Amino acid sequence: MNIANCSSLVIYILKFQYYETGRKMRFERVKSEGLEHISYFASSEGQAAVIDPRRDCEVYLDLAKKEESKIKFIFETHRNEDYVIGSLELAKLTGASIFHGSGLDFKYGEGAADGQNFSFGALRLTALQTPGHTPESMSYALSNIDDGEKPFLVFTGDTLFVGEVGRTDLSGPEKAELMSGKLYDSIFKKLLPLGEGVIICPAHSGGSICGRAISDREQSTIGLEQLNNPALQKDKKDFVQTKISELLETPPYFKTMERYNLEGPPFLSKSKTISPLSTREFEMKMKSGALVLDTRSPLAFGGAHVKGSYSIWLKGIPSFTGWFLPYDKSILLILEEKEHLDQAFRYLVRLGYDQVEGYLGGGLSRWYGRALPLEHLGLLTVQQFKGRLSEGGRMVVLDVRTEEEWEEGHIEGAIHIYVGHLPEHIKEFSKDEPIAVICSIGNRSSIGASILRREGYFEVYNVLGGMTAWKNAGYLTIR
Amino acid sequence: MNIANCSSLVIYILKFQYYETGRKMRFERVKSEGLEHISYFASSEGQAAVIDPRRDCEVYLDLAKKEESKIKFIFETHRNEDYVIGSLELAKLTGASIFHGSGLDFKYGEGAADGQNFSFGALRLTALQTPGHTPESMSYALSNIDDGEKPFLVFTGDTLFVGEVGRTDLSGPEKAELMSGKLYDSIFKKLLPLGEGVIICPAHSGGSICGRAISDREQSTIGLEQLNNPALQKDKKDFVQTKISELLETPPYFKTMERYNLEGPPFLSKSKTISPLSTREFEMKMKSGALVLDTRSPLAFGGAHVKGSYSIWLKGIPSFTGWFLPYDKSILLILEEKEHLDQAFRYLVRLGYDQVEGYLGGGLSRWYGRALPLEHLGLLTVQQFKGRLSEGGRMVVLDVRTEEEWEEGHIEGAIHIYVGHLPEHIKEFSKDEPIAVICSIGNRSSIGASILRREGYFEVYNVLGGMTAWKNAGYLTIR
Amino acid sequence: MNIANCSSLVIYILKFQYYETGRKMRFERVKSEGLEHISYFASSEGQAAVIDPRRDCEVYLDLAKKEESKIKFIFETHRNEDYVIGSLELAKLTGASIFHGSGLDFKYGEGAADGQNFSFGALRLTALQTPGHTPESMSYALSNIDDGEKPFLVFTGDTLFVGEVGRTDLSGPEKAELMSGKLYDSIFKKLLPLGEGVIICPAHSGGSICGRAISDREQSTIGLEQLNNPALQKDKKDFVQTKISELLETPPYFKTMERYNLEGPPFLSKSKTISPLSTREFEMKMKSGALVLDTRSPLAFGGAHVKGSYSIWLKGIPSFTGWFLPYDKSILLILEEKEHLDQAFRYLVRLGYDQVEGYLGGGLSRWYGRALPLEHLGLLTVQQFKGRLSEGGRMVVLDVRTEEEWEEGHIEGAIHIYVGHLPEHIKEFSKDEPIAVICSIGNRSSIGASILRREGYFEVYNVLGGMTAWKNAGYLTIR
Amino acid sequence: MNIANCSSLVIYILKFQYYETGRKMRFERVKSEGLEHISYFASSEGQAAVIDPRRDCEVYLDLAKKEESKIKFIFETHRNEDYVIGSLELAKLTGASIFHGSGLDFKYGEGAADGQNFSFGALRLTALQTPGHTPESMSYALSNIDDGEKPFLVFTGDTLFVGEVGRTDLSGPEKAELMSGKLYDSIFKKLLPLGEGVIICPAHSGGSICGRAISDREQSTIGLEQLNNPALQKDKKDFVQTKISELLETPPYFKTMERYNLEGPPFLSKSKTISPLSTREFEMKMKSGALVLDTRSPLAFGGAHVKGSYSIWLKGIPSFTGWFLPYDKSILLILEEKEHLDQAFRYLVRLGYDQVEGYLGGGLSRWYGRALPLEHLGLLTVQQFKGRLSEGGRMVVLDVRTEEEWEEGHIEGAIHIYVGHLPEHIKEFSKDEPIAVICSIGNRSSIGASILRREGYFEVYNVLGGMTAWKNAGYLTIR
């Protein structure tokens, strides 16, 4: 009656424990748009680790809840410079231990030694010192203990991206060569030897300011990088030479992030509720020195805005606020719709801007319904813009794109200043001339135009569609 | 005044189009728990493809909505046998084209040729004929046109899993050798040559009945499989020999799935609302022949249940319903709580069980409040169970685990019948003896016990904790 | 103290069945913003009724699911004229019976007799014929059978609102007097006698076009209406006189709604997915005659828009689309953000506009990035507008507010045409003169301006803040 | 037809400001199930008030966010005794002012004077001293300033419920007569004169322990209460006599609530994350004195449970935990599924149980998989139970329902002790006899049975279906 007797064959099915004790492993990437920062959550058998958590960290708690796991470890790949790390926040909520590199004078957490192992469930994480991007940069290899010693995945932080390698300029130009050499060694001697088949999980994806040309493709492996990553095709000398001749932009807020992430950022107060403000309250706070951040679209901003406000469209907040807004002044928001509040608030909190004092209740129509003063910005289609240029009138053309974009083709006679550097160069412009600001599509140019308007430049235009439209219209560019 | 003049260095930042036109690529895995089926969504620049969609397909529509993309292609890796494919359903909602392998007489969609390319945005998918699991099995390699010809990822369907390869027994034992040879060639000549660094995306993860020993680790690459996958360590002869000597279970519902997926399954009626039933309605439908599926926990089922009901705990529905429930009878549900309805319904719909007629409103307490007849099942702790055995009384011990689990150790004197085969063997038991059903933890044994109770076996016990507890208690097992 | 000793005292606690069988009654109002339509869901002991369901009816299914109840009855208070009733849709999904008044030649449902009772759980609903708004208007009184015969609540449809009574002009001017008399009798002889304490539940709240001056307060009773409702302070003669001298606007789409709601509207196809369109697809559909509905804010519309598009801001869709868009042309949407799609789609579906063919993927910036032709609209602050008027140049001031608003004060020299009637009057304007369109704040004036632009009026302005800002600025108005 | 020609007719439409400035008023009832506590949110023109907020107060913040309003006022109707008031918590998050009655020595907030007015937007709230339930009980009448002085709604706290009036026994038996007289005067002299049409909004609905027989109907008015409320049909003498002869149960936790609500409860720590515990951690905490609260269904509890655990089904937590669990011991949870954690946690927090230390990760199957000791409880159907009684064996029948239920009919020979008083009476039972615990359906009897098991009573049964099933089976009861 034993069914096995009917057959000399071996009968298998599967590990039925699955159905009974749940999934053994869970791995999730958590992406923070705008910064294009990626953090990771890995859990196995009720224990979890988070790599490079962001500051608004409920997302990890929710994952842990779903997996019925306890967050045991938090790993930082390096002292980040482009956002506030959420390690302390998350540790406070979970009791997890924090580990980072050991080269810097961190005021919290512990330094992980090269080769140190951390186990949680069936997973084992091995710390790898991979200096170069920063002196204490770490990578962390992840292995499944059922598979033996070899890792299947490596968290590469800002050391190795998809299609790119980390910046080496942040320790200053004098150290760039040294750091570039270290980066080369970290990649070639520590990461590549892990094996072609190993999956890489970097801290940023395409669009981040932390790498020049990170690929749009988000999945990669050591093998794919060896094949496709331009930097990995070079020998050490070439590699270093390329790195030190590349100069990347460093927004001023990086300094604040570096300090925060070394000393431990302030806890994110849970008690803060951002309130709608009446026009009267809004005006009073403006008079007391609060800055106005207008997150509406460039079209709406062009149509009408509160005098003196910064135009940074909602999804541009993570990338551009840090270039312009100081940390010691209150911030007031103007939103396209109240549903944007949460997103705007998160974006700012990730950059350490905790001083939002409210938003204009009812939106801008509340303001103009009160007949309060408004300004507007000229919006030009490329056809209109071209017409104005052809007429030969005076008009300064200010191209605020990056150097790289500029070099790929620009309008003859245009002046080039990257939008982030406009404040330092603003005195170079005359207030008597109309200025047309242009970028690739019309968003960064709206920022630039708002900066000019704040400084009293009167006739300022934003070119809709920017260089994209210019080229699509078939107009000429030079290099 | 051009800032570039200050420096002879090249200044780069990043592709700012990101901030302005949104993310260029999105790749998501959509997992259906229980079946451990994985489907994939990939989009680029407003166009998307879905690989092996499930039948409840709003998830893909939601992803497409978020990405502002239109689903252009649906690819099937093979005529699936363990669930109803959602291709037609999704095509109806989106107008997408369906592609599958070309060996079978499909009543819908088109056959893709080996090497045929499909482009959507910056992505290109290349069809690869990889027969073996089924005669028309396909894999699809995905490449980023910016990276050149080489793919970065391959959808391997049921050809290559993480740590396992596909079954080759479904075409019947007489073809197993032929199919195993084809599978070997598909893997070694088509997939491995793609390169170690290529990421693999199979159609199932650990726990699926479609592979014997799929790994818990869900991330893998060609290189990692070459290193870790036991099947890939063999030469062709050994590979084939191992495959033909392995006999996997084939639940009877596979036949229905195969027919559905060849002919095109019925559309999922959106108009169906599953209603709560009064005890009276429930009784009447039972009398008309409807079957009762009790999805509560084994403990609650043991405590009290409606006579004749099948005990399949909620998360066990995807794996076990197809062994027991026919397609031509109505189904009535008993739920632990009404919030489980949606999940139970989805699980059943994925298996093609569209004939759910309602659930017991108010749950089982409504039933016993009406003093309607109840049955119960003896629940034994392993200590009690051991006590009974030691006392030497008559008690049949029925182990319903898989052959593989059985062989790793079982109780001396136990009888082994896999739970799925219990219906065929039930006549072999006497109704005069008490029967203790045991599995690994207590869930499958509850199914087994409910099958016995349905057939009139009176003294039936479920051993709580099963062999896991037995071993943890330090009791002896034999092999 | 032994509590058993206290037996001479009566000891009560509460009906513990609550905790054990769940809540016995649930009553919810479901509001459709914009139309300010209110439908109602009432359930008791597993049975439910819905009064005046809307067409996108998942909300009632969700409530029924939560209450574990089956929707048994659907009641219509009258053949609605301002939206498509969802009765058939909901009946299809649930099997519920539909009841409405019996005076008209309905093609579906049944006529309820005056005094007819319907029971569900502990609730009883009694039909009351209350003609006046329409010939077959019904009210439905709700009572709790535990409380005896007297109702506690009455669904008053469009017969009695909070602070207002129903319109009597929709059967045509020749019948207005007759209908007004009927309305008076229905209210005074059928509703008021129910008792002061009875709660009223009308079909619309403040802001609806179905009543002139419905109160902002949404809670009311017979007693409160007797106290506060201006119409109820009159005798029959005065009541009728007031009603027939009031002329309310009737948007042209009412005719379509009336037909739909008499014959039974088409089923809402679940299979429709609204897709993003490329600029090319968008242009092609425009060329084939599709109309463009731009749902962005008036500021953004003013900044730039596609030639020929209608400007109706998102929340204005329910109230204004029916004035302008025909039912026989395709509609294309332009959205501020893709997240608005669902809301715009629902709003249109409630009005019976089922012919949306897609939306502009990527939003307007995709359009101008392609250098496709754009138009703009002059936006004037009231200060600028006043300046222009003071300068004495030619400028037509077109006030598109309602007659009532106009009479409360307007700008000297302005022309008054209600925005809904602008199409019929458009020929009265000269294309040689600049036209400034003004409303109360700037939204309806944007509609008006877009209508003018469509007809080729070139110099058209929208006055931001409208008459609200004008008055707040302290400028003069006349009556 | 030129509409301007129609000027002899008055043309109205509606207040179009609606579409432009948003809804002017919002009123929401927020119900906390189990406690059947109702709090209220009212907002108008950007300002809001909350009446009797609960401690987990995000719900009010979310409403305020949706309405773009700032919570300005918090009103307490009285020092609540059945839950922890959320006033301080909400005030901390919003900066709102707290008002309550002035008779007690509150350590926070301000006392409102009789007749004191509070305005927010177009709403005005007037404080009314209505002592009786407690010495400082307040009601708050709400009026719409557009409607004149008369209120349309009154928040009646625990003074007047739907179908019932407040308890007057909580100040002690010696004051019951005095308080009852005050309550009569508050209702008859303060509330009823507001007018029949005024809507009443009490602090509790049917099922609350704060009133003996609150109606299932949740909507009511002064007029409906005058008609239907039994207490309002009496003269003062009868009213007082009835009140003092009624003895309601007072769970011991009321004392803690009273103290908390007088002094201000501790802030709800946002930093607490309830973690899953391993079986080892769970055992260790048990050994250190933590109590186990098993929230699974009575059936599952009967099937198997951890020795010493309290059986309180999930939805029974709000009503029964306060009878049994002390505030000075740690609590460990056992959940049917991890998704119940949030609900269990909220229920406990509302009662001030902030000492939850974790829950058993993986549920009870994790426990029995480890072969850890389990107990079970006999579950008897009424048929089995009746059989046992008929056989004439020894069996104590313990009826744990309320006195009121008991008096409506019970089993001959049964002993009656209300479940909440079982701990004090437990010594009255012998451990040598089997005890069958019965309630109305099987939930409270599971609590009772678990209390007996904790104290070492061995043979304890829970009768499934309880007296409901007993009667439905047609068995005899006596009075």
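Lettered A, B, C and D in written order, each chain numbered from 1.
We take it that contacts are C-beta pairs under 8 Å (C-beta built on N, C-alpha and C of every residue); 3 or more make two chains touch, one makes a residue touch a chain.
Treat the numbers as computed from the prediction; the structure is a model and nothing was measured.
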{"item": "Shared interface partners, meaning chains that touch subunit C and subunit D", "value": "A, B"}
{"item": "Reference subunit C; chain at largest CA-centroid distance", "value": "B"}
{"item": "Whole-Å gap between the CA centroids of subunit A and subunit B", "value": "38"}
{"item": "Distance from subunit C to subunit A - Cα centre to Cα centre, in angstrom", "value": "43"}
{"item": "Distance between the centres, which are taken as Cα means, of subunit C and subunit B, whole angstrom", "value": "47"}
{"item": "Subunit D: positions in contact with at least two other chains", "value": "20-21, 365, 369, 441-443"}
{"item": "Partner subunit D, residues of subunit A touching it in the complex", "value": "20-22, 46, 61, 65-66, 68-70, 92-94, 270-271, 273, 275-276, 278, 338, 341, 361-362, 365-366, 369"}
{"item": "In the complex, subunit D residues that touch subunit C", "value": "1-4, 6, 9-21, 23-25, 27, 33-34, 36, 44, 122, 144, 146-148, 150, 152-153, 195-199, 206-209, 211-228, 245-249, 315-316, 319, 401-405, 416-418, 421, 424-425, 439-444"}
{"item": "Interfacial residue positions of subunit D with respect to subunit B in the complex", "value": "296-300, 302-304, 336, 364-365, 368-371, 373-374, 376, 379, 381-383, 441-443, 464-466, 468-470, 472-473"}
